[in-house]
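Please read through the structure below; I'll follow up with questions.
Chain IDs A, B, C, D and E follow the sequence of writing; residue 1 opens each chain.
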């Protein structure tokens, strides 16, 4: 091998290393960007917590103050009311808004014994404050018989709230929120959407790919079909979204759904996914040697039998990849879903109602008045973890199939 | 010879042929459904998008000539000229491909043919992860990181930028966003190259590197170009992230990479949700233009591909 | 008795005229060999007989092909049934990426036969006839792609035999086989022709001479001549046939 | 003079012991033929000689393979240079998806030869030697995949010849060729062996007898015997060789 | 006071991109919102920009939202733009400018001293056009809650909306005056659907949650922009996929938006628009004339200021 060739080879090789290096660096930078902002927020609670806080107002028919000792384990940043036996701290909610958080509540505290004053079925039921709640507004009469409002809504700090509590003569009512800011609802909605979209898109996409690759003769109709599908893959998501509300919405209306819904989102995503699935499946069908088709047909198998018994099994890893890509696409989509599923974060998503996926929740968080990088990044990390998990499991399945179906 | 034919039931034969017909119909139907959507979309956009240029349009027709040849897009003064946006869109998307295409193909080559198996698994996973990051996150990344690179680069070149919001930032962003698509299709294509070809080349005294570049890439051409087209589609179609760094200029075209720009999708998106009347409907006209641009560039790529195919022979 | 009667057959691949005005009869329970130089259309002609060319886009066929007196290219003709009666073995071994057993059982299964005993018997029987049984009897559930090229081809023959077709088309079936296996296959052909009709494309003149009853010589898409093998080899009617047969051989 | 000296060679595909204790010399400017039943390891052995087995994962090799006295499996040995000196033609035709011309010019081009005239001459020359020139001279810029199987294989031979290697390894190079083309190739081998060393795997006993100077008989991974072709064919040392050679043949 | 609690916790202040110059020099980079934005309308109206006669400088950068504007101007030393008063200036590396010598504070907005401001408007569906009588009553009650009750107003106030708390009455009193609303009725199955402006998001969410603390009910906020507020309640999409009960706009409803068809309409709070520059910019004051000239492109460099 001449020196020149070795150098030339070296340069070309260096180019591939460089390219992959760039790819890795970019990924690392994107990941670092996401992780630095979001990692601190990742915990299991977030996955199981609802997004919306419960809002409660409670009153205290028999209210007595007591004398409580500050427990030793409370940190310095926690203000403690000796009259009510409650420890408060300043915190930030999902919107980076200030909160007054209940960190500690003495078991004997009178604040355990409220009754609901919110109009509705729960009116009059017993309900007390609990640790983790957030005091939005607390109305009391102070020792001068003056009405005082404190709490997050009044921009009081924990310190100020405790000061007011320690000066209490009569408790009027407390408006508090339970913990919120979780992504449980969006997570569920995302999974519903993935499931439903795939159920619609995979059979159609795979069948269409089979038609194009196995049956279609090279004629004008087929060409038109092929170009149509190719063109479909170039349609921007935003157009898909608008198409969803105008073309597909009537279909869901026939099902008796009159709002945006996960079903509408899934129908729309199915259209988005079709070209991707078709292309990917076709690629993997093309790899199946033509000889196998001949062999099967010459044994008196129908084309359908050939497809199901010989071709599809060989193309299975490719189809799995298509599925994986589809899932990634669904998880990452926002523009099309904003229109078809809405932007309301539902804690108990239903197929016939609107909800947000994780990505749309990010979009909502980022396009609001005060972009929330931290929570967005946290959600992104969770998305990445989901995708990673899927990726690994699809790989494992593919590997097992490959082992069964071919030598290499 | 004992024939097995007596074992074959007539009924099964009929059933099997029935199924064959049924499935063929089903497959055709699936293809038809998949293809029909583009028509629905086109009909839907065209119906809305042609409207503003018809005399019957409430408030009077907008002159189509001005729309197609205009070099200003000012919703505030109701001037809608799309020509410069088309140019900007094409420049930014081609810029993105210029950056991304070689990197994607070479990365795919690295993953499939060069890297040791464990590294290549990791790299594949990386590529797939990149594909799964929501575009909003890329937009945020671009608005937070890429614009700074561009800004410092511009400062070195002696330009002042709008905080890094620029044509170059858009192209870099799009390059990152289309990278996973193009790479994974290139990987599929390269993996499909028959082993005998590789052996044939090596046996002729080609080095592995020469084999990779001359035989593997050539044989994988059609799959690689499929990825290119898909990537281009994504580059044209991306809206949310792009509008975060494009700067959305009102005049153009933009040739200076450090200047702000405007793309067709960011135009369609800007304030879409809050608007109505002509300003709303004309976005569908932009949609038609966008589809046309995508179509024409696809044809262009096919042409180039054929040329490359021929010039290699 | 004629199994196939071909009249005035022409075949085009797009613009390429691959078969020209072919008239031929293929006789019952005989072995017909097709010989001729590479690219002359032997494989193409063989594939006409079970309509395998249907699968190639842009193929155009004119003329008549009668199988047991029935036009196989007629619109109402049933190509699937045709292929169960006209089996085929290809030039390159093409086993399915399944187990050895499943490969052989495939043809029966797609006919709806599920009976285990029948399947087991047929698989064993066919593999024995294809001279492969001894080598694979302990590897029936291994992937067929793990066999060597020659083993793969014999598997394909077994697979075709399993269906007990009326006619077996073979496209250079032994070109990937060693002499011993070739011998066994030739023996098998000998025994098969008692009940079946065989059409074989071969590149080996000796093979044609040894096993066939009739020989057809093709050249550049034309059927130069066809007749009893002995006549074609010993007193060919056409100068070109003679040149070819007496030329240097493999 | 010995071009290759192989000592105590063993080869495993994973756990499968494919070549067992092979000792062999391959002589300069002679044609050595490797025969044996399907799956006996002929192809595997051939691929040892240009280190083509390097590409198969899980292959393990022990022993010595000397080429012109140099160990080709030594760490410092340059496999690329080795392969330019040891050309190869495969069992299945494997032309590149490029034009006919580019296929033949490929080997030269990867050596850095760009001179148009040299390329043109070599392409024409090689195609002529491979008995393909007449058929493709007007189709040089057509894609090679459009040729028939036999044409493709001859193209692959032309491609190997174009590099004027010292040794040419051929793995059943004529199994897809018709007699006329086979004859030309055999003629070509005859003329090549004046300057080159040829190792050929063949399934045709006649071919081996006709063209080779030395014949090696493999069985189940063992080299049963090797010697001058006449001796191996007329008075083999081993009973198994005799059985194989006098058995029914192709 | 204006110092919102979030101002205390700027997680990470972006570094200024370039070193601040002593008297800033060079081209002024104008940032604006898209033409349909309510903030932009309020801003342009407030600086005496005549839409029909004048045009915005062609070199302006269009941003897609308040947050986008904030981060972009905060990243560009030469940038000038405008954001809502609720914006976290410090976190975005921004400096708010006094307008016509008046500091942008809630007090100054309420006292009308500060003139760059806009209303948050609402309109409900037409009377009788609700999904149920309960929904209609609940809608009335909610509107009364955010416009009259102390609980509602302080929730809006807490979320950064500018409201006059002085005339507020306790909800218990206000509730009694609402037609058809009965606190004893169970509203927990009713969903209030709010639509329209994204700018009202924060204040409205606080108000809805506070209302939930008083009356158990469900709400569904699906806000995409001011233009949809009317459309989805009274306009062309009022029976479409995204129909709503109350529509919001971060501006006055337009002439072609016939809010008089609605059961109720009005304004529930105000928002001020603040002219901002990057924090290292030495500028701290701006006049109406100056910003006007910058916007129309007559003033193009910092030196001229």
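The working rule: a contact is a pair of C-beta atoms (placed from the backbone, for glycine too) under 8 Å apart; a residue touches a chain by one contact, two chains touch by 3 or more.
Since the model is a prediction, treat every value here as computed from it, not as a measurement.
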item: Any chain in contact with subunit C as well as subunit E; value: A, B
item: Chain pair with the higher count of C-beta pairs in contact (B-C, A-C); value: A-C
item: Between subunit E and subunit A, distance of the C-alpha-averaged centres to the nearest whole Å; value: 28
item: Centre-of-Cα separation between subunit E and subunit B, whole angstrom; value: 37
item: Mean-CA-position distance for subunit D and subunit B (Å); value: 47
item: Between subunit D and subunit A, distance of the C-alpha-averaged centres to the nearest whole Å; value: 60
item: Overlap residues in subunit A, where contacts from two or more other chains coincide; value: 1, 5, 302, 305, 366, 371, 373
item: Contacts with 2+ other chains: residues of subunit D; value: 80-81, 92, 111
item: Per-residue overlap in subunit E, given as positions that touch at least 2 other chains; value: 64, 68, 71, 224
item: All touching chain pairs, where touch follows the definition stated at the start; value: A-B, A-C, A-D, A-E, B-C, B-D, B-E, C-D
item: Interfacial residue positions of subunit A with respect to subunit D in the complex; value: 1-2, 4-5
item: Touching residues (chain side subunit C, partner subunit D) in the complex; value: 36-39, 91-92, 135, 147-151, 172, 174-183, 186-187, 203-207, 244, 247-250
item: For the subunit C and subunit A complex, residues of the former touching the latter; value: 50, 52, 55, 57-58, 80-81, 83-84, 87-88, 90, 92, 94-98, 106-107, 109-111, 143, 145-146, 156, 159-160, 163
item: List of subunit D residues in touch with subunit A within their complex; value: 78, 80-81, 111-112
item: Contact set on subunit B toward subunit A in their complex; value: 16-17, 19-20, 23-24, 26-41, 44-45, 102-107, 109-111, 114-115, 121, 123, 125-141, 144-145, 176, 179, 183-185, 188-189, 192, 207, 209-210, 212-213, 223, 226, 229-230, 232-233, 236-240, 265, 268-269, 272, 287, 290-291, 294-295, 298
